[in-house]
Amino acid sequence: MSNRVKNIIVPIMAVILGMLVGTIIMIVTGYDALAAFTALWNGAFGEIYYTGEVIRQVTPLILAGLSVAFAFRTGLFNIGVEGQLIVGWLAAVWVGVAFELPAVIHTLVAVIASGVAGALWAFIPGLLKAKFRVHEVIVTIMLNYTALHVTNYIIRSVLSEKSDRTEMIKETATLRSSFLEGLTDYSRLHWGIVIALIAVFIMWFLLEKTTRGYELRSVGFNQHASHYAGMNVDKNIILSMVISGAFAGLAGAMEGLGTFGYASIKGGFTGVGFDGIAVALLGGNGPIGVILAALLFGALKVGALNMPLEAGVPNELVDIIIALIVFFVAASYMIRLFIDRISKKGVK
Amino acid sequence: MEYVIEMLGIRKEFPGIVANDNITLQLKQGEIHALLGENGAGKSTLMNVLFGLYQPEQGEIRVRGKAVKITNPNIANDLGIGMVHQHFMLVDKFTVTENIILGKETKSGLKIDLKKAEQEVREISERYGLAVDPQAKIADISVGMQQRVEILKTLYRGAEILIFDEPTAVLTPQEIKELIQIMKTLIKEGKSIILITHKLKEIMEVCDRCTVIRKGVGIGTVNVSETNPNELASLMVGREVTFKTEKADAKPAQSVLEINGLIVKDSRGLTAVNSLNLDVKAGEILGIAGVDGNGQTELIEAISGLRKSESGSIQLNGKEIRNLPPRKITEAGTGHIPQDRHKHGLVLDFPIGENMVLQTYYKTPFSKTGVLNFKQIYQKAKSLIQEFDVRTPSEFTLARALSGGNQQKAIIGREVDRNPDLLIAAQPTRGLDVGAIEFIHKRLIEQRDNGKAVLLLSFELDEILNVSDRIAVIYEGEIVAIVNPKETTEQELGLLMAGSKQKEVGEQTNV
Amino acid sequence: ACGKAEEENNAAEGGNTETTEDAFTVAMVTDVGGVDDKSFNQSAWEGLQAYGEEVGLEKGKDGFDYLQSQSDADYSTNLNTLARQDFDLIFGIGFLMEGAIKEIAAQQKESNFGIVDALVEEPNVVSIMFKEQEAAFLAGVAAAKATTSNKIGFLGGMEIPVIERFETGFKAGVAAVNPDITVDVQYAGAFDKAEVGQTIASSMYSKGIDVIFHAAGGTGNGLFKEARDLKKKEPERQVWAIGVDSDQTAEGVVEIDGKEHNVIITSALKRVDNAVKDLSLKAKDGDFPGGETITYGLSEDGVGLAPINEEVAAKADIETAVADFSEKIKNGDLVIPSTLEELKSFSVQ
Amino acid sequence: MGFMDILYIVIPSTLLWAAPLIFTALGGNFSERSGIVNIGLEGLMVIGAFSAIVFNLAFDQTLGNLTPWVSLLVAMVVGALLSVLHAVASITFRADQTVSGVAINLLAVGAALFLVKLFYGKGQTDIIQKGFSKIDIPVLSDIPVLGKLFFSNTYYTSYVAIIVAFIAWFVMFKTPFGLRLRAVGEHPMAADTMGINVTKMRYIGVIISGALGGIGGGIYAQSISSDFSHATISGQGFMALAALIFGKWHPLGAMGAALFFGFAQSLSIIGSSLPLLENIPNVYLLIAPYILTILALTGFIGRAEGPKALGTPYIKGNR
C-alpha cells in the first residue's frame, strides 16, 4: 500500500478505534452506547441550529490547529497556542470596544490586532529559542500562564473598573451576522469561518509554494545545513513562531469578535489551544487535514452537550474519545503495522 | 580446532534489500582477518549479525566449532565476541570508566564502585598498551582515545574475538599507526580479529587473510600474502580499478583566495587559527594536510562565513569576504562540500530534488517574486542526478533514504553545478568506497581543469598526495610548509604534520 | 405547556407519575461548577428538585433537568438546547450567563428565562438578585461575637459586585458589634483555587486572626482545610471559619481523639433554592414576572444565616444579636449597605 | 509584621506547595533521563489525585489515620498504570512523545471526571475527612528559630518529598541502574550494544514517572484540595515539568526548583498583605514564578541540555 493511502487511512483508523474504545467503555459502565451516539449526532447535526454551532466551534479549532501545524512543519512545538489565543482575544476586543470605526473596517482592524498580539506573544519564545537556544515548549507553557494572569489583570483594571469582563464590542466590530444566524436558526455562526478558511489557504501557500516557506521548512528540519546554505536561521525560527502565534491570535478573535463579543476573566484555559494540538496531529499537519479534524472535534464537542440530556451519558465520555483518538494517531506506528499485516495477507 | 568463528551461509534481509546473501566467513585463531567490500556491500550487517544486533534469516554461526544462536549482544559478550563499531558507541557525558563498565558494573552494596572500576580499567589499558585517562569525559578526549575506549570496552568484557568496523576511517595517520600496533599486541595476547576497512594498504600491512563481499554476496577469501592491492580492488568492485589519479599538470593562474594574518578562535575561545597566510590559485588544487584538530575546521568555517574570525583578511577574487554572512560569501563565488554531510550538507527530510537548490532556491528560474517554481527545481535535480550518477529511485525520494556515497555525489553535483570560483572540499571521500572516491576525485580535477580554484582538506595522505597540485601543511593553526606532492613523501609529510622543525622546504617554490 | 396525549393514562392514575398533561417543565444551566459545587449551582438545583417534588415531576425532559457547561462557550448552546427541548422555564445560574441569556431570550420568545445574580431586561426574563449584604451582615455579627483576638478575616473569590456585597455586609456587621475589630480582606482571584485559599487562610491565622469568612466558592475549601488542620494540631486553639451560600457545616468536621469537632461557626446563606422554587411555582401558576427584577432578601427568606455551631462559646449571645438585627433588617429599620462606597457612611445608630 | 513573621508564614507554605511538585518533577526526571519526554505529568497528577481521593473516601472508616498514606500508594499504582499507556505509545509504538503526553493529559481529565460522575452521580467528590494534616515535627520543631521556621506547621509529605529527592539522586547517579538509565537516554544504541535492554529501561523510567506523578497528585489532593474536581489539578503538572527543566534534569536541581516555585507562589499569594509588596499590583506577583523561570532558563541554564536522545524513539539497527 502506498504511503499516501496509509497517511489517509491512519487517522481514519484512529478515529474508528477511539470511538470503538469509547463504546466499550460505555458498555462496561452500563450506559446505552447507541443512545449516546444518537444523542451525539443529534446534538451536532440534528437541527440546522446545531450545525451552525458546530461550524462556530470549528472556526477557532481550525486556526488553533493551523497554528500548531505550522510550527510543527517548521520544526517547532508551539504548546503556547492557548496563551497566544487569549492575548489575541483581548486585543481584538480592546479594538472592538475602544475604537470608533466604520463597520467592516473596524472588524478588520480588530482581527488584525488579534493576529499581531498573538504574533508578539509568540515572538518571545521565538526570540529566546533563536538567541539563547531555550526550548520553546517550556517557554510557551510558562507564557500561557503569564498570558492568563496578565489579560485578567488588564480586563479588571484597564478595560473595566473591577468588573469580570469588558463591555460588549461595538456593533461595527462584530463578526456576527444576522444573515448567518438566520440561515442557521439563531446559531452563533459568524464570518470567522471565512477568515479561518483563508488562513488555511495562506498557510498552505506560504509553506509549500514560497521561498520563505522553503526556508522555514529547511530550518525546521536541519538548522546546520540551512545555516551552511546561507539562510538566516535565527530569523526563520522567530518568524515561524510569529506566524504560528498570529494564527493562534486569530483564533482568539473568533471568540472575542464572534462567539462572545467580549473578553472575560478566566479561571483557567479555554482548552482550544490544546485541542489545536489534537487537530493538527489528526490532520497530519496539512491544510485539508486540519479542516477535517477540526470539523470532527467541533462536532464531537458540540454534540457532547446533548448527551447528558438525551442519553444520560456524561459528556466527559467525548473527552475520553478525543484523547483516545489523539493517542491512536500518536501511536500510528501500531496502526501502520496492522495495515501492513492486513495488506500482506491480502496479497498472499 | 582451527576456526574460532564460522559464519556459514548467512542471509540477512532488510525491507526491500538483501544485505547478506549466503555469506561465509571463517576466522582462524590468532589471525587478523580483513572484511572488504564497497559501501553498502553488507559488511557492517554481517558483523552486526555476529554480534547479535541482527538475527539472520538463514545460516549458521559456530563459535569454536559449536553452533550458537546469538540473539543479543549479551550472548555475544558471553561467547567472547566484542565489537568496535563503525560509529562510536560512547556516551559523551560519561567518563571513560563509566562507558567501559556500563552494563557490567563493579558494585559495592547498591553503589557502583568507581574506584575499583577505574583500577581495573587502568590495569587492562596498561596490559594492552591502550593509554586512556579513566576519569576523563568522552566529550573531552580525542577520537583516537575514544577508539581505545571502545577497544577497552570489549577487553573489559573478556573478549577473545574482536571485530573492528572501519576503525581507521576517523583516525589521523599517527593514530592509525598506533592502532595497528595495538592490534598486533592483541594478537600476541591470543586474540583473533576481524577488521573492516576500505584501505587496501592497511589490509596488506596487518592482515593474514581477507574475505571479500560484493553487493551482499560473498566473493571469496584470499591469503593476503598471495595477493596485491589491485587484485583486492578488482575483486571488490568487480572490475579493474586505477589507483593513481590520472591528471594533467596544473596551470595555475591568478590567486582566487588570498588569506593574510587570519586569526580564528575555536568554540572554547582558544586561538585555533593563528596569523595564517594562504593563497589558492585558479586552476590548481591546494591540499591542506594536517593532523585533525590543528585548526582546519576553524579555517574552513571562517572562510565560508560560519565562524567569525578575529582579525586578518580573506579575499576572494580581490574582494574582502571576511566575516560576511554565509550567503554573501556563497554568492561571491564559493562552493562548499562540508565534512559532515548529514549535519551540514543536506536536509535529510527534504526530497533529493529540493536539496539540489539549497543555496539557489531564491534565484530565477527556481523562484520568482518569492514563489517557488517546482517544475524548474525538479528538472534541474533530474539532470544533476543523471550527470553525477546519483543512485536514487527518483528526484522525489527523501535524501535520508540514499546511501552515504550517493548523498555525497548529490552534494558535489550541487556545488559543482553552481560553478564557483573556489570549491572547498572538506574530507569529500570520508568513508566512501574506491569507486565513489575515484568518481569524486575526477570531478575535483575537472573543476581545476576548468580554471577553478579547489581547496581540499583531507586526513588521508594518499588522497592529498594524489589529488593536490600543492600541499599546505597546517600545524597548530599555522601553515608550516608548502610542498610539492611530486617532490615529497608520506614520511616527510607526516613529520611536518607532527610539527617537526620544517627542514629546507623553503626551496619549494610557489609560496 | 405542550400536552402529551399518550401520557394521560399515567396522569389519571395518581399524583406521583412522571408528568401531568400540562406539566410545567423547568430546567437550568450551570456554569462549569456543576450541580454539586457546594455553592449556588447546588442550591439552585435543590430548588428545582424541591419544585419537582412539590408538583410531582421527575428529572428528565418531561420534568426538570439541568445541563452543565464545560466552558463559557457552552452557556449559549445549553440554554438554546433546553429551549429547543421545550422547557417552559429555564434558569441561567450565575452572572456569567448574563450575555447568553440576553441573546437567547431575544431569539426564543416562546420560552421564559430566569437569571441569577445579573440584570437582563427582556420581557421573557426574570432577573433574580439577592441581598447578600444582609446575610453577610449577620455573619459579621456572629464573627464579631465569636472572636477573641479582635482580628477577623474576609476571603473573597474575585472582586466582582456580588462579592463586594458580601464584603460590605460583613464589615458592616462586624463594625455594628465592635468597631475596633479589624477585618483583613484578601481576594484569591479565583473561585476554584483551594490551594490559594489555603495559603491565604494560613497567613491570616498565623497573624492572629481567629475567624475567617469566605465568599469564594471552591477556593473556600482551602480555608476549611487549613482551619481543620490547625484545629487538629492544637485542639485548644480558637480557629473558626464561616461558610457561604449554603450551610457548609459538613466541611468543618474534625475528629480529635475520637471526638467530633467543627470549625465552622455558621454560614451566610443565599437561598437560590428558595428563589428558584418560588419563581417556578409562580410561573407554573401563570404569574411569571417577566421583565422584572426580583430581589430576595432576609424578608423574602432569600438570604439568611445557618444555625450556630454548638461549640462556639458565644453561641447564645450570637443568636440573640442575630435575631435582634434580623428583626431590624426585616422591618426596615436597618438598611445594610451594598457597596464599599455606601459602607463609609454607614453606622448602626 | 516583622521579617521573621513573614518567613514563619512563607516557609511552611512553600514546603506545602513544593511537595507535590517535587514528587512529580522527580518522576519526570526518571522518564526524561531514560529518553522519554513526559509532558503527561499533569495527567498523571490528575489520575493520582483522583484515585487518592476516591480511595480515601471509600476506606477512611476502615483504615483510620493510615488512610492518606495508603491512598498515596493507590495513587502511585494508578499513576504507574496510566503511564504504561504513555510507555506503550512512545516506546513500543514510537509515538511522538510530546503528543502522547498531551493525550495522557486529555485522557486523565476525561476519565477521572467520567468516573466521578459514574461513582457519585455528580461532577466532584465530597471532601475527605482523613487528609494529611499539619504537624510540628517532634524534636526538630523545638530547635530555636530554625525549628519554628522549617519544622513547624508543616506536613510530613514535604519532608518525605525532600528525602525521596535525595534517594532519586543516589539511584540516578550512584547505582548501576542509574548509570544504565542515563546511558539509555543519552545513547540508546551504545547501551544496546552493551547488552542493556533499552526498551525495558525506558519502560521502567516512564513507569517510575507515573508512580511518582501519581503520588504528587495524591499529595496535592490530600493536603491541599481535599476533594477532586475538574479544577483540582490545573497546571501543577506543567509546573513540575518546568521544575524538572529548571533543575537541569537533576533530582536535587528539580527539588530546588520546586521549592523555588513554591516560594514564589506563596509569596504571590501572601505578598498582597505584606507591607513591602502591598502596593504592587497582584499581577506581578502572580506571574513572577513564570517570568522568573523563563529568565532563569535564558540567563543561567539556557545552555543546559537535556538527555541527548530525549524524544527520539529507539529503533534497533536504525542509523
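For this structure, a couple of remarks:
In this document, chain identifiers A, B, C and D correspond to the written order of the chains, with residue numbering beginning at 1 in each.
As a working rule, a contact is a pair of C-beta atoms (placed from the backbone, for glycine too) under 8 Å apart; a residue touches a chain by one contact, two chains touch by 3 or more.
Values in this document were obtained by computation on a predicted structure and should not be read as measured data.
The highest number of C-beta contact pairs joins the chains A-D.
Most remote chain with respect to chain C, judged by CA-atom centres, is B. Centre-to-centre separation between chain A and chain B, using Cα means, comes to 47 Å. Chain geometry summary: the mean Cα position of chain C and that of chain D are 35 Å apart. Centroids built from CA atoms put chain D at 28 Å from chain A.
Chain D has its Cα centroid 46 Å from the Cα centroid of chain B. Across the assembly, chain A contributes 152, 267-268 as residues in contact with two or more other chains. Among the residues of chain B, none is in touch with two or more other chains. In chain D, the residues that touch at least two other chains are 231, 234, 282, 286. Pairs of chains meeting the touch criterion: A-B, A-C, A-D, B-D, C-D. Chain A makes touch with chain B in their complex at residues 209-215, 217-218, 221-222, 224-232. Remark: chain D residues 174-176, 179-180, 182-183, 186-187, 189-196, 308, 316-317, 319 touch chain B in the complex.
Those residues of chain A that touch chain D in the complex are listed here as 25, 29, 77, 79, 124, 128, 132-135, 137-139, 141-143, 145-146, 149-150, 152-153, 157, 267-268, 274, 277-278, 281, 314, 316-320, 322-324, 326-327, 329-334.
Those residues of chain C that touch chain D in the complex are listed here as 32-37, 68, 184, 186, 188-189, 192-196, 198-200, 202-203, 206-207, 218, 221-222, 224-225, 228-230, 232-233, 250-251, 253, 255. Per the touch definition, chain D reaches chain A in the complex via residues 39, 85, 88-90, 92-96, 98-100, 102-107, 109-111, 113-114, 117-118, 231, 234-235, 238, 241-242, 245, 281-283, 286-287, 290-291, 293-294, 297-298, 302-303, 306.
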